[in-house]
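Alright, structures below, take your time with them.
After this come two complexes, each holding chain A, first together with chain B and then together with chain C.
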Partner chain A sequence: MSAALQLDDIVRRFPGPQRGLFVHALNGVSLTVNAGETVALVGESGSGKSTLGRIAVRLDRPDEGTVTIAGRDTTRLSLASLRPLRAMMQMVFQDPWGTLNPRRSIGAAIEEPLVLHGKLDATARRATVLRMLERVRLQPELLTRYPAQLSGGQLQRVAIARALVTNPKLVVLDEPTSSLDLSVRADILQLLRQLQEEFGTAFLFITHDIGTVRLIADRIIVLYLGSIMEEGPATSVLASPRHPYTRALLSAEPGTFPGQHRQRIMLDGEIPSPLNLPPGCPFATRCQYAIPACANAKPQLVQGVACIRSREIGEQPAMRE
Partner chain B sequence: MSLLEIDNLHVHFLSRDRLGEPRRARALNGVTFSLDRGEIIGLVGETGAGKSLTAQSVMGMLRPPAHRIAGTITFDGRDLATLPDAEMNAMRGSRIGMVVQSPMTSLDPTARIGAQLVRIQQAHGKIPRQQAEERAIAMLREVGIPDAPRRFAAWPHELSGGMAQRVLIAMALINDPVLLIADEPTTGLDVTVQAQILELLKREMTARGLATLLITHDLGIVAQYCDRVAAMFAGTIVEEGSVADVFAAPRHPYTARLIASAPDRVDLSSRAQFAGAPPDLTALPEGCVYRDRCPRAQSACAIPPPKADFGNGHAAFCHFPEPA
Partner chain C sequence: MNTALRRAKALILSTPVGAAGLAIVLLYALVALFAPALAPHPPIKAFADSVLAAPDAQFWFGTDGNGMDVFSRILYGARYAFGISIPVLAIGMVCGVPIGLIAGYRGGWVDELALRLMDVLRVFPSIVLALAIVAATGQTLANVVIVIAILDIAVFVRVVRAEVLTLRASGMVDAAINAGNPTWRILLVHLLPNSLRGALAQMPIRMAWAVRVSATLAFIGVGVQVPEPEWGAMIREGSEYVISGEWWVALLPGTALVILVIALSMLGDGLSDLLDPRRAGRAR
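Moving on, here comes the complex of A and B:
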């Protein structure tokens, strides 16, 4: 069986502020998301994670590399020939207020993908919408309401219902819980997990929040400045991160158990400009383990980690603050 | 006597609905707490609980349709709520500093950051220009801005989010305040940058003995950086206590549920629901504001809940607090 999503060597550059200058958003990223699996794409702003999500569902097109969804190469398909395939790939965005048409009822919003893609008649569509509403645990009377009458958590459920109603192979969720309160976030994550079990959908879950990753991810991909730093099963990446960047990222998250002092690894500075990529390791400018060799060549992803020193570092005890 | 004492603060939003009928949203309903010198209190709660409104009340920044209906805000022995504008202006930015969430929109985009740091000093006292400039550069250095003399001449748009937040902190601290109000100071920053900013804030708060009111939705920040915590729901403080006590054994059902939904504590395999509908501030229930959502609610909850005291300053306003 083919993977729900396969990206091979994706490169994406955007025109920069001057002629001949480019924003190097993605620099050769490859990844696979299998059916029924949640892959968390973790990174800070400017890491290229949202661009990657948009490319996955072909809202954007890579400059190099290929995008394959459920065995079909969609990289060079025109918008018209993509259209029948859209039912297979859906997206949920961060801001549910911004993604729902304020003048369309909740029922109409969830029904729309069925109108565009399905062969169902009006009665069957209505039954499907009602079933979907129940699956995202919303009351049937919300069907005739408008987005302004719903809370953020309810709206995000509507967005999820709309994404899943065509039974897609892949859903890209771009920070779907970042604007929600903690308790609402917990409910949405719980719902996503149950829906995934029911539908067997593949999720590419884009987030900057390590706490969310801990809860939802089967696998983790850590992105920095348009390149993968580390990838692996969630349990092992979280328990024993091997890339210095992953370590710093995980240690920066404040836990809610007072007095639990993680050894916090402080990084200096911020993510460098994607206009002038350093020639070697993208993280070398902020890495406490960097040696001159790190600036020479970009490290390849070997056994899930892109760091020439990962083996020696792994054997060292963690640095104290 | 504490540095800041907020007593029974009520703030309502007064407006009219589409039919012209008066509409009253009870946003703050008797907020009461105090803050001592050198102490950091974290104010937590969901969107609309009144956290930022509490901060704005202290800063004297309430604007219609928000109105203070009752209550006092005593800072250093004076009631800020009734202070004339001119005196409040003198207080704001000097004795009380504030750091807000979006650094990029809080800096004046048409002035270099050095000029803004000089301006805020000269607004609060006669200080020769050169001395103000020297202090500004020293302050930029103190908040960890590399190459401070050069950055002094930078425009806000030339700064990254983390650097802009450092500049805001410099502005809040440059007039040596005794009270700092930080409203979601790291929301929107990347987690590695957030860690830098929090360490900076903590260092400054400790070094200067600042009393700090830290508003955040991030329970981890409260657990790691605050001394005390106050949980708000529907404009009411439902529980307060030391961070150690409250996180170990939250006694108000709302706080218990909030803490249980933290990402490093939540159990997603349980079928329990974590959130409830946001409260309707125009039609709050009689008695306990949480009772419509509370799993422990009984008929007694229709009368205002008593203060249940658990010692060591830990208290919850609840008829039926959770067992420890």
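Moving on, here comes the complex of A and C:
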């Protein structure tokens, strides 16, 4: 069975502030999301994770590389020919309030993908929408309400129902809980887990919140300035990060109990401008382990980590003190 | 009926200025509709024996230099005000809204082209441009309407485009594409209904502007001519008598014009208040 999503060597650059200058958002990113799996894509703002998510569901196009969804190459398809394929690749956006049409009822919003991918008649659609509403634990009477009458958590449930209603192979979730209260957040994450078990959908979960990753991810991919720094099973990456950047990222997570503090790794040094990336390791300018060799060539992803010193650094587990 | 009354009361309370403007505009509209029934005399009947008669019991607002009843002519003039401004608004919106919608949605060179074209319309002083075009194309009422409407298109393009850009930024377009919408459906079902707020708020203001510009053109002598009962033309005709003391010929149609323009502006203010999302909050 083919993977739900396969990205090969994705490069994306946006026109910069002047002619001839480009913002290098993604620099040769390859990844696979298998059926029914949750991959967390983590990184700080500007790392290119949202762009990658948008390319995966072809809301944006890559400049180089290929996008394959469930065995179908979608890289060169036009907006119109992508349309029928949208049923199998869906996205849940960060801000449900801005993405739902305020003049259309909740029922109409969830039903819309079914109408557009037109395989069901009106009765069957209505039944599906009601079933979906129940799955995301919303009352059926919300069907006739409008987005303005719902809370943020309810709206995000609506967005999730809308994304899953066509039973897609892949759902990209772009920080779906970052606009929600902490209590609602846990609820939504739990709901997503349940839905995934039920539908067997693959999730590409974009987030910068390590706590969320702990709750939901099977695998983790760490992105920095448009390149993958580290990749691996969630448990092992969280327990023993091998890339210096991953270590710094994990150390920034707040402790579970008040007063409990981890040894925070503070990053010094400038982030290279995405307009003019260094030829070597993009993280070298901020890395406490950097040696001159780091600036020479961009490290390749070897056994899940893109760092020429990962082996030596791995022998210093004293990082957390 | 009870609910209608309660709604009216709520409207007056929430925007008293807008409600007052609406009341005056409606009054003018009724006058325009029922001018033949309300006018004591035919608007272009010349009473040869009472030229420039001062206001009295027979001629409430006096008569003009041709001996026509000023009051009746003012009532009929409302027909010109609405007869010009409503088609102007219709043409301006029918052309401006789709251009704004497509420019905002497509972006890129389409947007750039639309903006430059609208800039061309905006850099000319509107009266001068209208004057030149009407003078060149012929002084018919239809030409006056078309010229003013073309100048209006730019306004509607701008307000609709701005709202489409906001919707784009909020992710509504992406979400609509993601759901599988074809382009026409994104434009008509998702963007159009949510990008008309600014255009609606502009309607009375643009109407006031159309009334003002058409009267100005008539005053300069372009477009509608005496003896047609048009306020601008009436003011032009009456202006020569102001010095000699027959103030009613110019001043009274002028007052009628000013009150309508102010009322329309008040209505526009009230409408923008009502349509302001920050004021309305998230409740419907």
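Here, the second predicted complex is superposed on the first by the 312 of 321 C-alpha atoms of A that agree within 3 Å, B and C clash if a C-alpha of one lies under 4 Å from a C-alpha of the other, contacts with A are read in each partner's own complex, and residues count from 1 in each chain.
Just so it is clear, a contact is a pair of C-beta atoms (placed from the backbone, for glycine too) under 8 Å apart; a residue touches a chain by one contact, two chains touch by 3 or more.
Remember, predicted model here, so these are calculated numbers, not experimental data.
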| item | value |
| --- | --- |
| Touched partner set for A:Val57, first chain B, second chain C, both or neither | second |
| Which superposed partner A:Ala80 touches (first chain B, second chain C, both, neither) | second |
| Touching partner for A:His117 - first (chain B), second (chain C), both, neither | second |
| Chain B versus chain C as contact partner of A:Lys169, first or second or both or neither | neither |
| Touched partner set for A:Ala186, first chain B, second chain C, both or neither | first |
| Touching partner for A:Arg214 - first (chain B), second (chain C), both, neither | first |
| Contacts of A:Lys49 with chain B and chain C, given as first, second, both or neither | neither |
| Chain B versus chain C as contact partner of A:Tyr146, first or second or both or neither | second |
| Touching partner for A:His243 - first (chain B), second (chain C), both, neither | neither |
| Chain A-facing residues of chain B, complex | 46-47, 160-163, 190-196, 198-199, 217-225, 243-244, 247-248, 257-259, 261-266, 268, 273-278 |
| Interface residues, chain A side, partner chain C - complex | 54, 57, 59, 79-80, 83-84, 86-87, 90-91, 93-95, 97-104, 112-113, 116-117, 146, 148-149, 159, 162-163 |
| Of chain C, residues touching chain A in the complex | 170-172, 174-183, 185, 189-190, 193-194, 282-284 |
| Contacting residues of chain A [partner chain B, same complex] | 44-45, 151-153, 181-187, 189-190, 193, 208-212, 214-216, 248-249, 252-260, 264, 266-267, 270-271 |
